[in-house]
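In what follows, subunit A forms one complex with subunit B and a second complex with subunit C.
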Partner chain A sequence: MPATEAVAAPRRLEWLTATVTDVIVETPRVKSLVQDVPRWPGHRPGQHVDVRLTGEDGYQAQRSYSIASAPEAAHLTLTVERIEEGEVSPYLAGEVRPGDQFELRGPIGGYFVWTVAAQGPLFLIAGGSGIVPLMAMLRHRAAASVAVPARLIYSSRTFGDIIYRDELDRLMARRDGLEIVHTLTRSQPAGWSGGMRRIDREMVASAGFPSSQRPRTFICGPTQLVEYAASTLQELGHEASLIKTERFGPTGGVG
Partner chain B sequence: MSEHADTNAPLDGNSAAGLLHELFAVDLTSANVTCVGCGTVAEIGRERAYGGAMGVVLRCVHCEAVVLRMVRTPAGCWLEMLGARNLFVPAVEG
Partner chain C sequence: MSEPPISRGFRARKRPDGPANRVPPGQHLVNDFPVLSAGPTPHTSLEGWSFTLEDGPSPLAEWTWAQFAALPQTTLKVDIHCVTTWSKLDTNWQGVTIDTLLEAAGLGEPPELFTMIHCDGGYTTNVPVEDLLDGKAMVATHFEGRPLAPEHGGPARLLVPHLYFWKSAKWARSLQFIAQDEPGFWESLGYHIYGDPWREQRYAGD
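On to the complex of A and B.
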């Protein structure tokens, strides 16, 4: 779409059928579902989909899931964390097998979006599965080979709970201006050199960009973490309009 | 967004994107809405969202006044925007 377009082209949002082609075990509680979605219109990094499951009795349950894959990727990928006692996530992150199908609609949510055209610096803060839409941004940044300065602070419970751990290491090893700080809130392996506490003011101030650089900031994860990080950044002088948040829901103790 | 969302803890307006798309052909989450109560201008995606898959109440990020209410029922869709002075849908890149 040319930049001169008056407004976003109107588009009817329809339910599409996704077929799972691959299931990737990310952590003991998290799986990625690689999918084939005919008529998928393409997306921008940070957007999400609504997933709808229909039971044999016709009962339907609907939840939102962020898109993990970059727009450049061949397949659409969602990454789902199993919430104990949950209605939808234990199915998506537990029972789904290649060949299974479900309905989704998207991409939606043009607000929580970053593309290389928006430039940077790019400042990302994630807790637990909140990494998912931010990963789409980092994958897009790598695919576009643009060295926009970027920093990620990522809070997980334990080393084994870090989603996309190897891929994040590889992205940082490119030395193209991306820096990642991990913090582990529950337990740390021997010799751990990252953070050992919840994200706090000192961590945000030292690992982030100064407010004078006006970073585009995206914060995603459990509600409590998101609210704490966003208010801390504002106390540090960051402009509210440059901070975008995506609350996934109750804390569930993550991060 | 989730049907079971805790009504005491709002999500971001961005989570209502799918529901809003059932009525609006353009993405409303990046549209600016002006609160009648306090005059604050904010993207719909930034407002406080209370509700779930069947309906949502969006409250002003500054004064918590209701700017938009939308409810879907089997019979149809209900939209109320008494708290919104105007809506600005920006041109998008890409």
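On to the complex of A and C.
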């Protein structure tokens, strides 16, 4: 018998119907869609789904979106940033209102994943909407009530662009071992005490964990930020195998 | 199968540009070149680089960077399709085809039916031999006339354009012939074992 037949055929990820129950305005360009997804099989923090939209004329478009909610949450939540010239994100982060439906399937991806079982310390670096899969990890950490030491460096353009700002403040106020450093790259409000520049080596070294503590590190954001943060961490002695990356956006150039 | 729900008010922003016979189901065209990798980009020096052909555990041939660059070069103009749904048409690559590597190693026939590609950073991917032969695949060192950038897989990546692009493994360092098909890195994490974009084989079971 050929080897391929000896293995049970894996189960296909089915398209499920998601019904939006709530739309949360996170920033002027970002919305969270809270959904009811019957038969959702569950997920681990860091995983994503493929969303499929079908127009009245039958036209379909598919894109990937990270899961923002913790596995413990009753509803599945996605958080979408509107890309002006885009096809899908202006619809999801603009048009969609409660009661609307679309399809999704997942969970997808088993590498960019952290659960409390993986322990810590947990070191997260995010740029812009790159916070989304990392938020699922922080929400899971809080829901599981573990005190695994965790640190987040989060780069946004302006104060108003910080996604989940109030919830991040509340998570840090629990004083359960989570520390968050914000940095704002374009403009800062009066009296701003956080970072005022792009994530750099000094910030990673001072706000992160030393390599001797072997933090589980997750970096998500635009390619440039991810490349820079990952190579800086390696220069600081962090092991490549402990650094996991995910990139959403375009490179801005080719090659 | 039931009809998919209509997403109220959703319509194509742009016409599904590009010839339909070149864009597989569920894909859309992009002009930039997105980067997706699971971990840090390895920066391998050309002095330390080599490419190896192996039959199971036994090395068959090995080329240094200079030797590899001296092998007969081929250019390919192809469409590429990433599992995250972007496709890019008419990309130009230069490198050494697998046919040329086999010939340079003095192998008339590939020793086994399957391969595993091994990469810097520990990545692997599996490809059946027949998908690598007859000019269908190469180890590419140049993209659009320039040396391949590290974040796109430089110094050298596999290029198997008729499969989803994760099969075109970045930072390739050896091609190992194996007797039975085995899942590589992404294939062990829920992605399809073969990955044909025209049959939309994105995930296991598709």
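Here is the rule we use: the second predicted complex is superposed on the first by the 239 of 255 C-alpha atoms of A that agree within 3 Å, B and C clash if a C-alpha of one lies under 4 Å from a C-alpha of the other, contacts with A are read in each partner's own complex, and residues count from 1 in each chain.
Quick note on the criterion: a contact is a pair of C-beta atoms (placed from the backbone, for glycine too) under 8 Å apart; a residue touches a chain by one contact, two chains touch by 3 or more.
Keep in mind that what you see is a predicted model, and the values were worked out from it rather than measured.
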{"item": "Partner chain in contact with A:K244 - subunit B first, subunit C second, else both or neither", "value": "both"}
{"item": "Contacts of A:T115 with subunit B and subunit C, given as first, second, both or neither", "value": "first"}
{"item": "First (subunit B), second (subunit C), both or neither touched by A:R44", "value": "first"}
{"item": "Contacts of A:A61 with subunit B and subunit C, given as first, second, both or neither", "value": "both"}
{"item": "A:Q234 touches, of subunit B and subunit C: first, second, both or neither?", "value": "second"}
{"item": "First (subunit B), second (subunit C), both or neither touched by A:T17", "value": "second"}
{"item": "Larger contact residue set on subunit A - subunit B or subunit C", "value": "C"}
{"item": "Which superposed partner A:E87 touches (first subunit B, second subunit C, both, neither)", "value": "both"}
{"item": "Doubly contacted residues of subunit A, that is, touched by subunit B and again by subunit C", "value": "3-4, 10-13, 50, 61-64, 87, 108-112, 223, 244-247, 249-250"}
{"item": "Interface residues, subunit A side, partner subunit B - complex", "value": "1, 3-8, 10-13, 44, 48-50, 61-64, 87, 105-106, 108-113, 115, 117, 223, 244-250"}
{"item": "Residues on subunit B engaged by subunit A in the complex (per definition of touch)", "value": "1-6, 9-15, 17-18, 21-22, 25-27, 29-30, 43-46, 53, 89-94"}
{"item": "Residues of subunit C touching subunit A in the complex", "value": "4-14, 16, 26, 28, 30, 32-43, 84-85, 121-122, 143-144, 146, 148-149, 151-152, 180-181, 189-190, 202-206"}
{"item": "Subunit A - residues contacting subunit C, complex", "value": "3-4, 9-13, 15, 17, 50, 52-57, 59-64, 86-87, 90-91, 95-96, 100-103, 108-112, 223, 227, 230-231, 233-234, 240-241, 243-247, 249-255"}
